[in-house]
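Each remark here refers to the structure printed beneath this line.
Per-chain numbering from 1; labels A, B and C assigned in written order.
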Amino acid sequence: MKTNFKQIKEKIIETILMLSSAATSITVVLIVFFLFVEGAGVFNKKPIDDGFLLAVSAENTVHKLQPSQIKDIYDQKITNWKELGGKDQAIVLFRAGDITDYYTEEELGENFEFFPDKINELVAKTPGIIAFFSDKYKAKDFTGRELDIDKIKVSEFLTGEEWFPTAQPIAQMGVKPLIYGTLWVSFGAILLALPIGLAAAIYLSEIAKKRTRSILKPIIELLAGIPSVVYGFFGLVIIVPLIQSTFNLPVGETGLAGSVVLAIMALPTIITISEDAMRNTPRAMKEASLALGASQWQTIYKVVMPYSASGITAGAILGIGRAIGETMAVLMVTGNAAVIPTTLLEPVRTIPATIAAELGEAPNGGLHYEALFALGCILFIITFGINMLVEVVTNRKSHKKH
Amino acid sequence: MLKIESKNVNFNYGDFQALHDISISMKENTVTALIGPSGCGKSTYLRLLNRMNDLIDNTHMNGTILIDGQDIYDKNTNVDSLRKNVGMVFQKPNPFPKTIFENVAYGLRVNGVTDKKEIEERVITSIEQVALWDEVKDKLKKSAFELSGGQQQRLCIARALAIQPSILLMDEPTSALDPISTSKVEELIYELKNKYTIVIVTHNMQQAGRVSDNTAFFYMGKLIEYDKTKTIFTKPTIKQTEDYITGRFG
Amino acid sequence: MSAEIKLAKKKKRSQNIAFGLFTLTSYAIVALLFVILAFIVIKGIGVISWEFISEMPKNGMTEGGIFPAIVGTLCLVLVSMVFAFPVGVLAAIYMNEYVKDGILKKIIKQMTNNLAGVPSIVFGLFGMSLFVNKMGFGDSILAGGLTLGLLVLPIVIRTTEESLKAVDDTFRQASLGLGASKWETTSKVVFPIAFPNVITGLILSIGRVSGETAPILFTVAAYFLPKLPTSIFDQAMALPYHLYVISTSGTNIEASRAMAYGTALVLIIIVLISNLLANALRKYYGKKVKMN
């Protein structure tokens, strides 16, 4: 009886333990699920604000437009309906605010009570018009035709060159500038951090005395413990002004500032991982090289570095991964301009910084909110891919050893 | 002609004195075997001859070691050049994770030989010298790890010979090998002694007897006896030596 | 012979240059850390006073203290650890003591690694979507704490696993040999030996949690809330978010600079203490084990 009870107890405990160990897997699955469900919403909505519409004259033969076409119309890159497969007719742009160009305030009424009628009239009599206005100004007997707008396509989302989700009449959801911004800043950071980190790793593993190493290592690990918001703050008050004055820029909040801050933050990762890899080089290999009259430095770059190449690569890739996902520090120092960068000396905006900066202002469940979750998906996919890559690189190494 | 001369060499790992007052001289083109039980200091002494112990933190050496009359622990001695002149073969074969060819070429490259033809010639000569040529000539571009243990060890010897040292240090070079490979390496040592001064550390009494001209017996960091191999093995003057050689301890 | 000397000189020279560079770089990194620390300490030390850590912010956060932010961060640490510590430790026990090497272990390991690689802002998105919206916790200490808890879970698991791995197998065999069950062996023999290292991991996780900003942006953090939370369903201020706000978007950035330095210093002190404490513990118990 007693042993039976004990067995049951053991079984229950093992089940609890197993469930706990499933927590991380469940979380990853949930993250994927929530991110993708919310993010997918952006491709199921029309990229126009709720309660607004675009209308054309009833005679207009164009029925459906793509978001990018509407943008081009309002940017006046497309000026004639025939470019959109319609009649040869100049496009007349109209937003609700433009109404006073056509009617006097008296005509519109004291409380704009004639506003709907006048818009109706205007649309009816201007064949080339495209009008953007709120639902509540749509007259009951509106004679114009509401334009059908295509949903955002995934390809448009990924390749669109403008990120302006609150733009009117049509939200601009091109993530290209954000992806570019993220990659520029991250690769800039690695370009800075890799040589410095490697140098320090070589020093720690091959040159420094045991005692020196035992002092320096914890100090460098401490760098990893400092919160990113503190790095951001440090960047803001020191690095940003420094960059501004050094390069004589109008603003110091630039991609370069982000790269510098991220480089500092990526250093501990790169140093720790590459140092571990170098220290794994068999002693016999190093002695063989030295016994042949190679100098210590020759031994390092001809034997130690090739031997630890996969570890160093893993460190660098992991460093890039960290940099790509880093939010606060970047948000605070890069200036957050959503344009495709041409140099590191201008403000850029990364994906994580965009989410952090905009989610607070995006209404729950709205298009903008969903777009930010879609950004989260992109970020997740990139970092997931990077983790997998690290896995492959390190596995290849252990394979080679056998 | 004296090739290696040690005078009153003491060596410490931290507080532990590993060698006490070792004085020993070796003639050119002879094979000297260092024997003794584990931890007796024979390997430590061997590694002093190419300053390999420099790599270990917290060690201290005093006394003099002369090679060709030059003090190798002198401030002005260039360690890299010393090691180029004093080749070393290790206990376990330790080829680099490179091709067979590149393993042998490595020493040449790090010592400033850039001429492709010269490198090729010297690589081939060295491999021939260790009687490995027929076995590897078709796979010079293959990884050195594809060779058997015995072949790897001979490759490591070829690697050491390629930079034309005058002394060859061998630290139990056959302890990781099977009997056939061992006898091949021993034959090789016998042939090499015409050209090189060889110092070999070994655990294997028969091996010491077979390959060496002189034998030094180390015990607890001290040089107990040093004489012609024949003398040491037939009529040692000190009892400890006799006990060790006859297998009473160690 | 002279060619040889020339070569030796050349080798020596390139080695000296390279090593000089490496040494210099390493010390430059250390110097950089000290510059960051010194800068914040020098600028922030004057700000820190009893009032600073015990009072509410005043005057558009340009004066007064950061008391509610300290309390908020403490609450977040507490909630996250109440969740992550037991779950993480149990998971690590299962991984190290129960499950055998194989596909299951590989999957759990891989998933834990994947979770560790998820950027913190993605945790923020996830926490907002699941805890704040779906589960209806709203912006609250509970939502923020759970989000942070998930973020540190892989760290807790990893450090606990390492501590368990360090326990010599002979202890397990001895206990099992005496007829103890697996759980008895784990809970009475293995875990107590591993415990000091487990605690070290816990302390490091606390340091990490108190500095995270991105996950709490949309799950708990309040911009300005001059009162203390009364339950875990309340919003709260938090130190890292407070630093972010007053250094980038406060009502008067210049006027609140001093407050920002003070807040940064408090954050740094928390991280330093947790690191030092963890190191000291590790050393202390490391010695004790060796003596036995």
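Observations on the structure shown:
The rule we apply is simple: a residue touches a chain if its C-beta (ideal position, glycine included) is under 8 Å from a C-beta of that chain, and two chains touch if they have at least 3 such contacts.
Computed from a prediction, not measured in an experiment: that's the story for all the values here.
With respect to chain C, maximal separation of chain centres occurs for B (centres as means of Cα atoms). Centrality by Cα centroid goes to chain C.
Counted by C-beta pairs in contact, the busier of A-C and B-C is A-C.
Averaged Cα coordinates give chain A a centre that lies 60 Å from the centre of chain B. Centre-to-centre separation between chain A and chain C, using Cα means, comes to 24 Å. Separating the centre of chain B from that of chain C, both taken as means of CA atoms, is a distance of 52 Å. Residues of chain C found to touch two or more other chains are 11-12. Each of the following residues of chain B touches two or more other chains: 80-81, 111. Of all residues in chain A, those that touch two or more other chains are 295, 298.
By the touch criterion given at the top, residues 6, 9-10, 13-14, 16-18, 20-25, 27-28, 30-31, 34-35, 38, 196, 199-200, 202-204, 207-208, 216, 218-223, 225-234, 236-238, 264, 267, 271, 295-298, 300, 321, 324-328, 331-332, 352, 355-356, 359-360, 364, 372-373, 376, 379-380, 383-384, 386-387, 391 of chain A touch chain C in their complex.
Residues 11-12, 14-15, 18-19, 21-23, 25-26, 28-30, 32-33, 36, 39-40, 86-88, 90-95, 98-99, 107-108, 110-115, 117-126, 128-130, 133-134, 150, 153-154, 157, 181-183, 204, 207-208, 210-214, 217-218, 240-241, 243-244, 247-248, 257, 260, 264, 267-268, 271-272, 274-275, 279 of chain C are the ones that touch chain A when the two sit in their complex. Interface of chain B with chain A (complex): residues 50, 52, 55, 57, 80-85, 87-88, 90, 92, 94-97, 106-107, 109-111, 156, 159-160, 163.
Chain A meets chain B in the complex at residues 209-210, 282, 284-295, 298, 302-303, 306-307, 400. Of all residues in chain B, those touching chain C in their complex are 78, 80-81, 111-112.
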